[in-house]
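See the structures that follow.
The two complexes that follow have subunit A in common; it is paired with subunit B in the first and with subunit C in the second.
Moving on, here comes the complex of A and B:
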């Protein structure tokens, strides 16, 4: 009886909270679908004209393209450099590992504005193109997520004993890494990649301070449009949210399938204790 | 044999250290050294610090940022605790779904957030019109483009950020503890005061520091909402290092160094306090 009552108030609190969280999304969507909404509580008409206009705007299309190019370039650098680094550090360099743990708090200690100040000090007017500097800055900004993401995946598959087993069976480190570790952390890597993808895609601070209007990404386009035509800007934001929500749905789907896989593995462990290694090793 | 392999694998760490040096360590060192060089002669000097520390315009920026961050993190933290607690009373499935949406909301900051709040609370915002129609002068003195407006806007991303840290630690409180306490005759209030709260206290303190630091470092939301009209540390630094008319990169670097020192000190002190609290608990 008592718990029921508590549940009602919990539901009430969460309903109010959800409404508060949803309100800005709803109002932006309504704004994107109307032509006039300034003196009434609800918009007076309904239209898709802004979305049509948006798709036809070459500036919008090139802003999306620029954001995607920047995101993919940086992601490639981050993955190629960080996956082997975190693996090696986790396995063989515990001293470096404890240093890298400190990195996790870095974005709170050194906000984007400070990083941009340092980068501008060093590279403005130099021969290194600002685009490369931006990629480098974003790389630094993503280190905490990447480090934690990769490290958690490595821990969850018990990398150390897997590598040991592979070495006893005669595989060298590189083979063990490529054929055993990589396939097993694939899912965790994908989740981390998607998280970093959405943060790069919506990046503003570094892009705006380092390159600014000369390289108009989606967020900078949004801000410029916001000061010209709010309805069109809302249409940009709505499309952007839809993309973000899609990405997070994929992440949840992957996370839950990862959990299922883990549970399956655990169940197998109980019944066929010795087959554990076989289920993990590819082929 | 073993040694050789060790050497080879340390070579693979070079790209990481090279990139960190190029885009983090050396730029930070340059920023620090340039804060000690004179704007006119380029010689070593302390006058930049003297200027920044004596000019009310600059320390006002720190005060404004600090005030907005403290208010938005205290209020945000209280609300985050209430919501997290309510979440733990729901069925597992709903809890899982909620955490996803909270993740999305915690990332909903910056330009889109600023614009959504302009639609809701701006000069011709929905709520303003709603209250005017009801003849309630609730919002007549409220200005979204002031520091109060910024604090309310920050709250929107501070609450979900707080939940992301508080909720997992609330989930760790074991049901058995509560049952044991009740069995020994504790009231609900006494249980929370003696067992529940002390066990989540370290994570509450840690979350507060992260929320505060997050508020201090916020640039995009404030910039999108008020341009450069509100004097905040981040806005000031950005205007000094990249502005066209008022660009004074060396003063900007000086402000950035002081800002970084404050943030790092806050984080170090909080880590030390947390360790002590944890030791007391064990």
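Moving on, here comes the complex of A and C:
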């Protein structure tokens, strides 16, 4: 009888890759959980001291709060402006679409330092607050994710046919958009939003150059504390990394086929329960 | 005035003229089909009627009123799409109720109408299902119920059965025709399938390259195709020139002004036909295909290729090898336009 030959080289490559990815995280975690690690392979002691210190530091909490505020403000602006824009371009200005696709890739072509320098030259000394300029800068940075994310969501649900069907049934464009399109792209929007959230939450270049110490976000806080205490900086890094893992897990859960199956089973249960209500005779 | 009228309608997409000076009328309670190959403009014409395409010239009337500039949401027409276009975030019940909710019916009225619509399409037990939990045929039934529940003046169906497999398609053809007769609703059905058009329609509009080339009842269309295009699109017609027919039988005399003739494949016989008005010639069987109740035979008669449909029960195909005598009643040789 033939047995399936084990592919040891594939396992070896996979193991090396996993070690390469996990080793820095494990090392940082160990460093964040020790007070002394200099002459031994493993730390000589383990402690949660740095995590406790971090949580008790009002500056850390303020930095987290500032990062969240900045990220949510920017996200709100991005969603309010971009979702209707992408919808209008997709539905009614398809010729503009190819132009937009190229345009939204510009943030990849322009390095953050150049963007920040340009924004500083343009707006420093003007009446526009630098916080608003920063939100604007981050908005530009979100365009590649947002435009393509929303566009793909619209394409996947046959938006044109759905809008036409709703209009023929008597709905106006706004009603059709709110009641049909938005609920159907909300999962795609949520995933895009989470991706942008994780990217903005750790944004450093623009924030540091445009506002810097005046508005200390988590990444600027990390840089400052790194110079003071490496263990504490590692604890910040680990906390930040865990947050990103949580976001990834949420995205994986939202897009998992098991979850969809679960929802379908739930729908079927409701059907069986309501079957008795369906015996009304039409007049 | 007819219930539906389209007058001299033209539509272009850029330089491409998709509909060319189209005029047609449809009576109340009729089921008509727009039939033609892909790209002939049939779906565009339907979408014009639904208010989904803007046209440059012409007028559209429904129930005595001009609706050329009325937005689709105010036209009171229903539409069934090839892709179903059911709202994925809503259950079957909510999908059907959508139009009634927009028109601000009371909750009890909505419930009553939706349940009646569900019973009409035999989907009472699927009310709480989501569209992706239904088969293609069931989804199209929901789409039909959703369109009918608002009691539209006319129901437009844009190749609604094209995405379904043959068995379900045939069943839904019967269901749609039954529903149309039961409700007495006017329907415009778009299809590229001539058999579907024949089964469903009171009248068929055959379209080609943005024009209506012939409008007639299915029987008339089959018996009297107007031109080469209709003859080749509708059935298995043999298209033969006058000179070729003369070569087959010297007794054939062409009608004045007609150079092209269409002969249906089932009107060519192997047994002698009584009377004098008969074309008689010889043919050699080259190939045949068994289609079930009929056998399609391909004969060569001189330089002319002929398709002949014979009843399977009436012939023994083994006896046809070699040369056969072929007979056509001259009444079945139809003069057609170029």
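Things worth noting here:
Just so it is clear, the second predicted complex is superposed on the first by the 248 of 283 C-alpha atoms of A that agree within 3 Å, B and C clash if a C-alpha of one lies under 4 Å from a C-alpha of the other, contacts with A are read in each partner's own complex, and residues count from 1 in each chain.
Convention: contacts are C-beta pairs under 8 Å (C-beta built on N, C-alpha and C of every residue); 3 or more make two chains touch, one makes a residue touch a chain.
For clarity, every value in this text was computed on a predicted model and none was experimentally measured.
Applying the stated contact rule after C-alpha superposition, one finds that A:198 touches subunit B and leaves subunit C untouched.
When both complexes are overlaid on chain A, the residue A:65 reaches neither subunit B nor subunit C. In the superposed model, A:184 makes contact with subunit C only, not with subunit B. Of the two partner chains placed by the overlay, only subunit C lies in contact with A:168; subunit B stays clear of it. Legend: residue contacts after superposition of the two complexes on their common chain; A:158 is shown touching subunit C, with no touch to subunit B. Legend: residue contacts after superposition of the two complexes on their common chain; A:76 is shown touching neither subunit B nor subunit C. When both complexes are overlaid on chain A, the residue A:250 reaches neither subunit B nor subunit C.
By the touch criterion defined above, A:19 lies against neither subunit B nor subunit C after alignment on the C-alpha atoms of chain A.
Which of subunit B and subunit C touches more residues of subunit A is settled by the count: it is B. Across the two superposed structures, the residue set of subunit A contacted by subunit B and also by subunit C is empty.
Contact residues of subunit A toward subunit C in the complex are 157-158, 161-162, 164-172, 175, 179-180, 183-184, 264, 267-268, 270-271, 274-275, 278, 280, 282-283.
Residues 3, 6-7, 9-11, 13-14, 17-18, 21, 23-25, 27-28, 31, 37-41, 77, 81-82, 84-85, 88-89, 92-93, 96, 105, 107-124, 133, 136-137, 139-140, 143, 173, 198-199, 202, 204-205, 208-209, 212, 219, 222-223, 226, 230, 233-234, 237, 240-241, 244-245, 248-249, 251-252, 256 of subunit A are the ones touching subunit B in the complex.
Remark: subunit B residues 5-6, 9-10, 12-13, 15-16, 19-20, 22-24, 26-28, 30-31, 34, 79, 82-83, 85-87, 89-90, 96, 98, 100-105, 107-108, 110-120, 124, 126, 129-130, 133, 156, 159-160, 210, 213-214, 216-220, 224, 234, 237-238, 241-242, 249, 252-253, 256, 259-260, 263-264, 267 touch subunit A in the complex. The touching residues of subunit C, counted against subunit A in their complex, run 50-52, 71-75, 77-79, 81, 83, 85-89, 91, 98-99, 102-103, 111-113, 115-116, 118-119, 124-130, 132-133, 146-147, 150.
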